[in-house]
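Each chain gets a letter, A, B, C, D, E, F, G and H, in the order it is written, and its residues are counted from 1.
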Amino acid sequence: MEQVREGSIDVDAALGRLRHMPFEDLGFAKVDHHRALRHGMPEVIFAMGKTPQQVVTIAGRLLENASNVLITRSDAATADYVTSRIQGGEYFPSSGAIRFWGDRTVKGKGTIAVVCAGTSDIPVAEEAQVTAEVMGNQVETIYDVGVAGIHRLMSNRERLTEARVIVVCAGMEGALPSVVGGLVSCPVIAVPTSVGYGASFHGLAALLGMLNSCASNVTVVNIDNGFGAGYVASLINRL
Amino acid sequence: MEQVREGSIDVDAALGRLRHMPFEDLGFAKVDHHRALRHGMPEVIFAMGKTPQQVVTIAGRLLENASNVLITRSDAATADYVTSRIQGGEYFPSSGAIRFWGDRTVKGKGTIAVVCAGTSDIPVAEEAQVTAEVMGNQVETIYDVGVAGIHRLMSNRERLTEARVIVVCAGMEGALPSVVGGLVSCPVIAVPTSVGYGASFHGLAALLGMLNSCASNVTVVNIDNGFGAGYVASLINRL
Amino acid sequence: MEQVREGSIDVDAALGRLRHMPFEDLGFAKVDHHRALRHGMPEVIFAMGKTPQQVVTIAGRLLENASNVLITRSDAATADYVTSRIQGGEYFPSSGAIRFWGDRTVKGKGTIAVVCAGTSDIPVAEEAQVTAEVMGNQVETIYDVGVAGIHRLMSNRERLTEARVIVVCAGMEGALPSVVGGLVSCPVIAVPTSVGYGASFHGLAALLGMLNSCASNVTVVNIDNGFGAGYVASLINRL
Amino acid sequence: MEQVREGSIDVDAALGRLRHMPFEDLGFAKVDHHRALRHGMPEVIFAMGKTPQQVVTIAGRLLENASNVLITRSDAATADYVTSRIQGGEYFPSSGAIRFWGDRTVKGKGTIAVVCAGTSDIPVAEEAQVTAEVMGNQVETIYDVGVAGIHRLMSNRERLTEARVIVVCAGMEGALPSVVGGLVSCPVIAVPTSVGYGASFHGLAALLGMLNSCASNVTVVNIDNGFGAGYVASLINRL
Amino acid sequence: MEQVREGSIDVDAALGRLRHMPFEDLGFAKVDHHRALRHGMPEVIFAMGKTPQQVVTIAGRLLENASNVLITRSDAATADYVTSRIQGGEYFPSSGAIRFWGDRTVKGKGTIAVVCAGTSDIPVAEEAQVTAEVMGNQVETIYDVGVAGIHRLMSNRERLTEARVIVVCAGMEGALPSVVGGLVSCPVIAVPTSVGYGASFHGLAALLGMLNSCASNVTVVNIDNGFGAGYVASLINRL
Amino acid sequence: MEQVREGSIDVDAALGRLRHMPFEDLGFAKVDHHRALRHGMPEVIFAMGKTPQQVVTIAGRLLENASNVLITRSDAATADYVTSRIQGGEYFPSSGAIRFWGDRTVKGKGTIAVVCAGTSDIPVAEEAQVTAEVMGNQVETIYDVGVAGIHRLMSNRERLTEARVIVVCAGMEGALPSVVGGLVSCPVIAVPTSVGYGASFHGLAALLGMLNSCASNVTVVNIDNGFGAGYVASLINRL
Amino acid sequence: MEQVREGSIDVDAALGRLRHMPFEDLGFAKVDHHRALRHGMPEVIFAMGKTPQQVVTIAGRLLENASNVLITRSDAATADYVTSRIQGGEYFPSSGAIRFWGDRTVKGKGTIAVVCAGTSDIPVAEEAQVTAEVMGNQVETIYDVGVAGIHRLMSNRERLTEARVIVVCAGMEGALPSVVGGLVSCPVIAVPTSVGYGASFHGLAALLGMLNSCASNVTVVNIDNGFGAGYVASLINRL
Amino acid sequence: MEQVREGSIDVDAALGRLRHMPFEDLGFAKVDHHRALRHGMPEVIFAMGKTPQQVVTIAGRLLENASNVLITRSDAATADYVTSRIQGGEYFPSSGAIRFWGDRTVKGKGTIAVVCAGTSDIPVAEEAQVTAEVMGNQVETIYDVGVAGIHRLMSNRERLTEARVIVVCAGMEGALPSVVGGLVSCPVIAVPTSVGYGASFHGLAALLGMLNSCASNVTVVNIDNGFGAGYVASLINRL
């Protein structure tokens, strides 16, 4: 039994020191330059729920320190506002991503495969792809290989096997990650999408399916969270 | 525009005649001998929620008119009570079915395949099998062919292709019906099972997955409803 | 106990062969001409979530090989775009279906009845009807026969009895399939619709009702999935 | 044990007679003039999900036989269309009701009180009021007497006590029917409304609250179903 | 605009007077003899969640003032304890009711029909029956008339038509109240039961079905709440 | 055992007195001037679901007796209508609050800290801030200190420790109240926000997280209910 | 705009200091003596999910430094084990609390009222009472005052008005906190209980009702969380 | 546009070859020796839902080819049966794991940290630990560091930073993965546990919280799925 007792004076001192950490307070946001240092990752702005002005202000600050900045879930108006005020942004209307990609050094050790079940899942897959690329990875995309036509998936089996980590996006019943997971031995990150209708309940069916996957190498992120999947895939691919 | 107006006297007369239909009133149950006539199907007793005495009374009445009677969801005590009082019953403890199978004429035109994803789904699959058999069908069972090891399913592809209708039982993510549905061109009846834990929510995940199947030839029955799947498969196989 | 052990070299070879299957890769979609061959069914495009351009491109490819093509869930803009670029399409605005119906050979052996509970359920019923027709079936429609006025249903009992398979669409409490199922001995495919308000929860009430039907000949498809019901009914009617 | 066995010939005859019941088939709707006869109630059209043309056609048919017709859930466009084509309609924009009230005979034996918890619940209460009035009842309305200011309710206690049946509409926590139910000895019909936000889940919180009411004289109808409450209150008030 | 302003002194006085109401405080319960006076109804004890001692104490107090007392949801142990300490109790093991029925005066003006869909729904129907009887009503029971065999219901149509108010208990899809509601013109109180499995979700499917009933004369009580249905039916039958 | 039996005459008298309580009946609303007296709190109007005219009428009445009036959830049109008709209103477009703040006496004994996890939560936090201020409190705001960058929160630890009560607004996983709760010893009022997407289910995830907080000093209000949190914080800060 | 940039070296140092905080590591638990210092509150052990041995070990450690220790949710076996090994424990079987109450100094400035709706809610109310008492408060209990008999509540209005903070426990529809909240001007902490059946869904109905309370002075804790309510009430009562 | 058209003869041949894959058919299970080859991972048996006999049979077959076999979710009876029939098994009663660990070669490149929020989460954490160890990893466990006492977590920050991948198990609000995720830059696998009560809904609250984590490096597995988390962590740690 380990004893870790110390005086409360130390504690207060330690907690006091915590105040002195490097971020920049914009009032409506605290821009965290330290995060990039700790994680070695590009900076990311989630645009949904922020005004165009807020997005531009944050992006401007970040670009002072970082060459790669990713803005996700940006609608057309915000994208117009951002790209007209800051040079060098690339807008992906289907996923709503804006990418500032100054440093294109490849940091990932292998290839990340981004797979999706149907044409309607492409926006989510694109968000994963854009994220993984801006974080320094080579990405292979394999689209429209849903499980009801299993030969379309099998036709891409070699590309799957060669990947170091795989992102699989699927709506409706969300079965694709289980099948992909069974074909490969690398980690599979499953992204349920809100594609579907009726009892898909905006992606709930796919989400539950993926959480209950009988393939042991599958983990799951939030519905439509292509960014998160691309981010974790990048972390894994650097290991 | 069709005109279907008639006097209300006729209506009352018509409704009055409806009283004279052939069933037998036991008080706690109305035994419907007419159903067998109309449907050309064996009689079925759903034992859950009935006392052993009620099950025996109903079964006794039915066996006076029918050579094949199926009792489903019978626990061991009820099964003991029934089989000790009525000769000829065969008890299947895993699914809880009791089968009186006097007339073994094959009425189905082809084979019904009963497929399940994992060993734990066998009780539900067994209920479908027992049902389809007592209704005059040849049944093929294909067990433990879940999608995470797709080659186990592929290894049985010929047997699937030869079936005239397929019942697929799966718990957890419930992905198997979609994959089977994509491999064959016959109707597939999907049975979500309550196998799983956590976010399977007692079969809800599998149910939602199957309802959202991207394979067009899939219809769905209630969670663990092997009987219903076997019954409809039998109806289709007689066509 | 069957032994199915073989070397892993064979396995890799077998999986390798799977790459060589007939589909056409458009990048955003993999058009599967093989599916029509295997299933003997017209080609279908689910328009929701696809751009008009994607729909036209896929439809164009399919029509090179198939005389009958069905596009479902098309909004007015997509329908305009499609019908102005490809000759011969028939648009059904209430259900959003576009039908190219070149080969009108009747392949179904009997009649498919499409029944709906209320006037508001007609769009879903229409999708089932259009699907079943383009797949070569004679279809009878019986509309507005909800269970609260049971005589309206009874008045159509003969037409129900004559059908070889029945599709029943109902929203709100979704009780109609149970009543229809009890009146006939053929398979009944129940389609819950999102018609209703409040505790209908966009079709959930009807869906749960149908899954719990006390009529044994009922299977269920997704909420508002008239297409799926019409498709499976067609498969059954060809048997 | 009662024996009710008769030949199946009788059954078929009886079912055959059921075809001859008095309704008028408009194709998209089966207009049921018999319902009014059986129930002694005005005719009602639920406009939601019907085209303005369908509503006018059905209303026209009904008004040939009935002096009182109620149309519920009509939007402004439908209301314009209907009232410009059929004379004598009174439109209630807050609830969307259109009332043709030719025969104003009072048939209810006492007063129906329609109570609501907050100003935002008035549209639902209005639907109940309009319904009860057109069905021949005297209606008292008591608005904005939610439970958080219990003295506002108490101030109206005499009017509550004098009612023969009470309709109580409430959103948010839906507690008002329980309190009203405890103050009176007559039947209380509770209508959960979709008023609220967040964890009200569009009326679910109020619905569950009312179903679990600790007052024994409370029954419940669907969320926002002012019509149903007014209808049943009218039935009770005629007894 | 009505003005109801008065000084706050009056308010405090009025609220102060509210303290002086007739109940008896047992510490763990406040026994409300006044309720019987106001409602003209027998006293009722909900046994679930109370100790046998608490039930006996409350029952003892109530029987000093009331000749009819109903205890609901009593398990066998509580029933033993109660009936061995207080004379005259009648125990109904299937529903768990204990009835002290001293005054058998009939107060209801007509007959209450208690209908149930299946044999497994009988316990809930029994609770409704026992309640309605102890409250002075003549009760007709019609059991096992579920909608999948509609002729069984039709055979009882006259008894339904003769009832002044009807209680309908059904589990699974809960469709029976809609069909009964369409056949009669009196109020129908629907009781969803927890009978079923899988997607019945312990009565949720039946509850939602009944709330969405297309029959206008249907109101709903909580799942398995036979008591509440019998209670309200009694209130209506006295009108 | 306390005996509180009195005659029913007293009861009726007491209940009768309850009618004479001070509110003003506008028909569509009962304006409760008494509430301000009892609670010592400014008057509040919840604008959602009320017409601009209703809001102006109620606000006008209230301002005759109260110097501070708060209107919440007002859209831009209502805000225009109100501020153009009544002088002195301050509109906060992000939260939709309109504040009439005549009496700026500080009544709270300490500081209320209003904390939010991300920039998108600011509208909810603003509602809490505006409420607490108009009720006479000094408010500190600490924004964008979500748990994934814990140093941003730690940097504000002193300000948290100095607060007498803390309001914490967070969407997505809603983890911030637990962490804040663990750092301080004062009451923490948690406000789940609807910020998020996918499996946040419009704030349900945050709500459930906060209800299950492992910090014992946390209580919860409705999703997005910044007003309620600011109100209760004010009550506590006056103690 | 505040600038808070500092070098990352400081950050690492600050985080490093955080390691030196006073707790005692038992392997399976980290006993936090510091918590009591910071919060000035008795130590609490949540027994559910811990072995009796673990509970005794932790309790033993805590009692070395604290005179008041509360164990919650202890089953009978754990209670036996604990009270036989550690002197001075008081067991409350209905709520499962074990209380070591050495220092009975009253620290709360006023009275805490603990109110519950029905007899079955007493276990939860008892947990709140035991908690508030061991934390140095005078507690008034008011039991069985549910809203369907509003005079029982009114009879206790003075005691409610005199409380400084009120805990209200209610199951079923959970309406009591709204009514209590409207009668008093102090903070009300609502505790939904799992008392009920059917559509109470184990306390969900009461929880949703309380979250949607129209009384502004109500906050909510988890279902059955009497401890949390008593704890926060104690914090408030010390202010 | 890539053209991948080939004749259907090739397709059938390719599919035919799929039959010849290496597994062993036990009837109730298809034992997949190939999986170990492909994944380079120990064999795993999920015992829940299998009979002890089935578990022993499968384990026996697997141990013929593999030195490391893991059985999860085994109850005490199954564990007795297995360990008495097969030598070398180590049983972990808290998680139900049985481990055959012949080959203890370390294959993971770094350390896997297994963290849990409370003592009650230890069984799930243990399953992750046992899994990761049998798959050749060095594992650090950090228990009872929930977010409400953030210094306990901070005290272990160095160990967290040194890990190559982290598994975080938490019930209740499930906030720990977000905080851990913000402190480290490696992948974090979050395991919601069913620890909690009331609105934790058997782990749903924790699951939703983790899916909505604002930390980008978090992915999620099923509720209580310690095995899955340990498995994926092992895959990542080998990269």
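Here is the rule we use: a contact is a pair of C-beta atoms (placed from the backbone, for glycine too) under 8 Å apart; a residue touches a chain by one contact, two chains touch by 3 or more.
Remember, predicted model here, so these are calculated numbers, not experimental data.
Undergrad: Counting contact pairs by residue number and requiring over half to coincide, which of F-H, B-E or E-G is equivalent to A-B?
TA: Overlap exceeds half of the contact pairs only for F-H.
Undergrad: Comparing the two chain pairs, does F-H have more C-beta contacts than A-H, or is it the other way round?
TA: If we tally the contacting C-beta pairs, F-H comes out ahead.
Undergrad: Find the geometric centre of each of chain B and chain H from their Cα atoms only, then give the gap between the two centres in Å, rounded to an integer.
TA: 36
Undergrad: When the C-alpha atoms of chain A and chain D are each averaged to a single point, how far apart are the two points in Å?
TA: 51
Undergrad: Out of chain H, which residues touch more than one other chain, so two or more?
TA: As it turns out, chain H has residues touching two or more other chains at 4, 11, 14-15, 18-21, 23, 27, 34, 118, 149, 151, 154-155, 198-200, 204, 207, 211-212, 216, 222-223.
Undergrad: Which residues of chain A touch chain B in the complex?
TA: 117-118, 146-150, 171-175, 178-179, 181-183, 196, 198-201, 204-206, 208-216
Undergrad: If you look only at chain D, which of its residues touch chain E in the complex?
TA: It comes out as residues 4, 11, 14-15, 38-41, 44, 109, 151, 154-155, 164-165, 185-187, 189, 207, 211-212, 216-223, 227-229, 231-232, 235-236, 239.
Undergrad: Could you list, by residue number, the parts of chain D that touch chain F in their complex?
TA: 118-120, 122, 143-145, 149, 151-152, 154-158, 195, 197-200
Undergrad: Tell me, which parts of chain F touch chain D in their complex?
TA: Per the touch definition, chain F meets chain D at residues 15-16, 18-21, 23, 27-30, 32, 34-35, 48-50, 54, 73, 192, 194, 202-204, 207, 222-225.
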